[in-house]
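Beneath this line is the structure, given in structure tokens, with notes to follow.
By letter and in written order, the chains are A, B, C and D; residue numbering begins at 1 in each of them.
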Amino acid sequence: MLKNNAIIWRAEVRDYEVDYQGIVNNANYFHYFDHARAVCLEKMFNLNIKKCAENNVNIVLIKTEVVFKVPLTYGQSFYVSSKFERISRFKFRCQQEIYIDPDDTLSAVSDSVIATITKGGKPYLIENLYAITPLP
Amino acid sequence: MLKNNAIIWRAEVRDYEVDYQGIVNNANYFHYFDHARAVCLEKMFNLNIKKCAENNVNIVLIKTEVVFKVPLTYGQSFYVSSKFERISRFKFRCQQEIYIDPDDTLSAVSDSVIATITKGGKPYLIENLYAITPLP
Amino acid sequence: MLKNNAIIWRAEVRDYEVDYQGIVNNANYFHYFDHARAVCLEKMFNLNIKKCAENNVNIVLIKTEVVFKVPLTYGQSFYVSSKFERISRFKFRCQQEIYIDPDDTLSAVSDSVIATITKGGKPYLIENLYAITPLP
Amino acid sequence: MLKNNAIIWRAEVRDYEVDYQGIVNNANYFHYFDHARAVCLEKMFNLNIKKCAENNVNIVLIKTEVVFKVPLTYGQSFYVSSKFERISRFKFRCQQEIYIDPDDTLSAVSDSVIATITKGGKPYLIENLYAITPLP
């Protein structure tokens, strides 16, 4: 469980996120993970992704893997736990987990690589991310 | 390239799918892959996911991996190529690729595992999927 | 301001809801209003829309109007205020407003009509909604 | 029927657009109308909304009304018909309709007002839109 040093973002399943199978549509998990990463970057490194974009630096997803364990359903609340580690000069790994309230049931696990690049597509080092060091 | 025996689904990037970074928001790739899988199951195996859901059988994603190569942007059209193979009695692997028109630029690659289960969570064999055999 | 007897639902703008114009994409306002209506029906009338759907009764939108005042942007939090009144045996009006924190800036105003119908399309009276009476 | 001089945009209902009631979630109609307006502005007036945004001019929705007639469901294809008329120096009205194939069943009707403003919030006249004249 990614609890130590992880940043937690809490939310409730929204009405429109549930599909005709009665469970949260898969793409919403990516929404949750996506927003939780943004929250984590802001809270831990004071990094505002939108301001970066306005300064022509994008924080992009290179690769992501999600393993679905227990589906989220209508009316549930949950939290996303996120942790970053540096894997190269311009690349970072983000490990995330979604837990369902109130029993901390593990719903989904994600492992992603993000990179910081200019709008022209060149690698770019964002100072705020210097602080991300490899996990022990 | 997954062209042989693959099912192609074509679309255009929609206005609202582009985020503040000026590129298609990542979750939309999952939407594209998701819908392309549904189209493929319908075209190749005459399997309607919604009718399955009405009969209390869900086709769920167990695991998915996406590698992002070249971002889709506003105004582009693209196609998704999808191929299924069987990996166990109730599990299937789906390999997918997104190509950008008109130069067949590879935009993203996806590798997923789906399973067929009842609403109660038990594995269930859908007859239409008997036909899915391992790729050579 | 719809504060008296209105049900409040609070949320934050999510990263992926902001489009290339730098503001929340319009369709998300409908998501917010939609989910706030569901929350309101649950809190005020103990009515779970999903359970209704499972019992073959849908709560559908007949008509909706939205006036956009001040756009929501990245990083903001807001709340939706919702109020129902009955307009006929099977139809209800819902007036809603979105306010931006922390200054209660009015962002958008919505006026909708919903109806309760069976999956077959016939009007159906849900007992929980007896309690909705005309506003003074 | 808005057929004369209207711009048509065709699409299919996508798998993930269908909610737990078995019909297209309402917010997707706004997506459809939104994208159809963008297509219409591009085709009729050579106006690219994203390029406008890059030049700090946003085309924003001031007001929109939607009347829902017949719900779109899984597997259907449809088209959106869009027509613009000028209502003031910086404001335009857009009337739209969604029709379901193959019988041209009217699914939804929309009436919207859009305005062209700078990122700072001031009205701005886009030359391409000079051509929009009042409907007879």
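Definition applied: a contact is a pair of C-beta atoms (placed from the backbone, for glycine too) under 8 Å apart; a residue touches a chain by one contact, two chains touch by 3 or more.
These numbers come from a predicted model, not from an experiment.
Asker: Once you count every C-beta pair in contact for both, which comes out on top, A-C or A-D?
Answerer: Between the two chain pairs, A-C has more contacting C-beta pairs.
Asker: Counting only C-alpha atoms to place each centre, which chain is farthest from chain C?
Answerer: B
Asker: Centroid from C-alpha atoms only, then distance chain A to chain B, rounded to Å. What do you get?
Answerer: Taking the average C-alpha coordinate of chain A and of chain B, the gap between them is 22 Å.
Asker: Measuring from the mean C-alpha position of chain A to the mean C-alpha position of chain D, what distance in angstrom results?
Answerer: Using C-alpha averages as centres, the distance is 33 Å.
Asker: Taking the mean of the C-alpha atoms as each chain's centre, how many Å separate chain A from chain C?
Answerer: Here the centre of chain C sits 28 Å away from the centre of chain A.
Asker: Could you list the positions in chain C whose residues touch two or more of the other chains?
Answerer: 16, 18, 20, 22, 25, 27, 31, 34, 49-50, 74, in rising order.
Asker: Within the complex, which stretch of chain A touches chain B?
Answerer: Against chain B, chain A makes touches at 20-23, 25-28, 30-31, 34, 49-50, 53, 58, 60-68, 71, 119.
Asker: Under the definition above, what is the set of chain A residues touching chain C in their complex?
Answerer: For this pair, the touching residues of chain A are 14-16, 18, 22, 31, 34-35, 38-39, 48-50, 54, 74-75.
Asker: Which of the residues in chain D end up touching chain A in this complex?
Answerer: Those in contact with chain A are residues 16, 18-22, 25, 27, 74.
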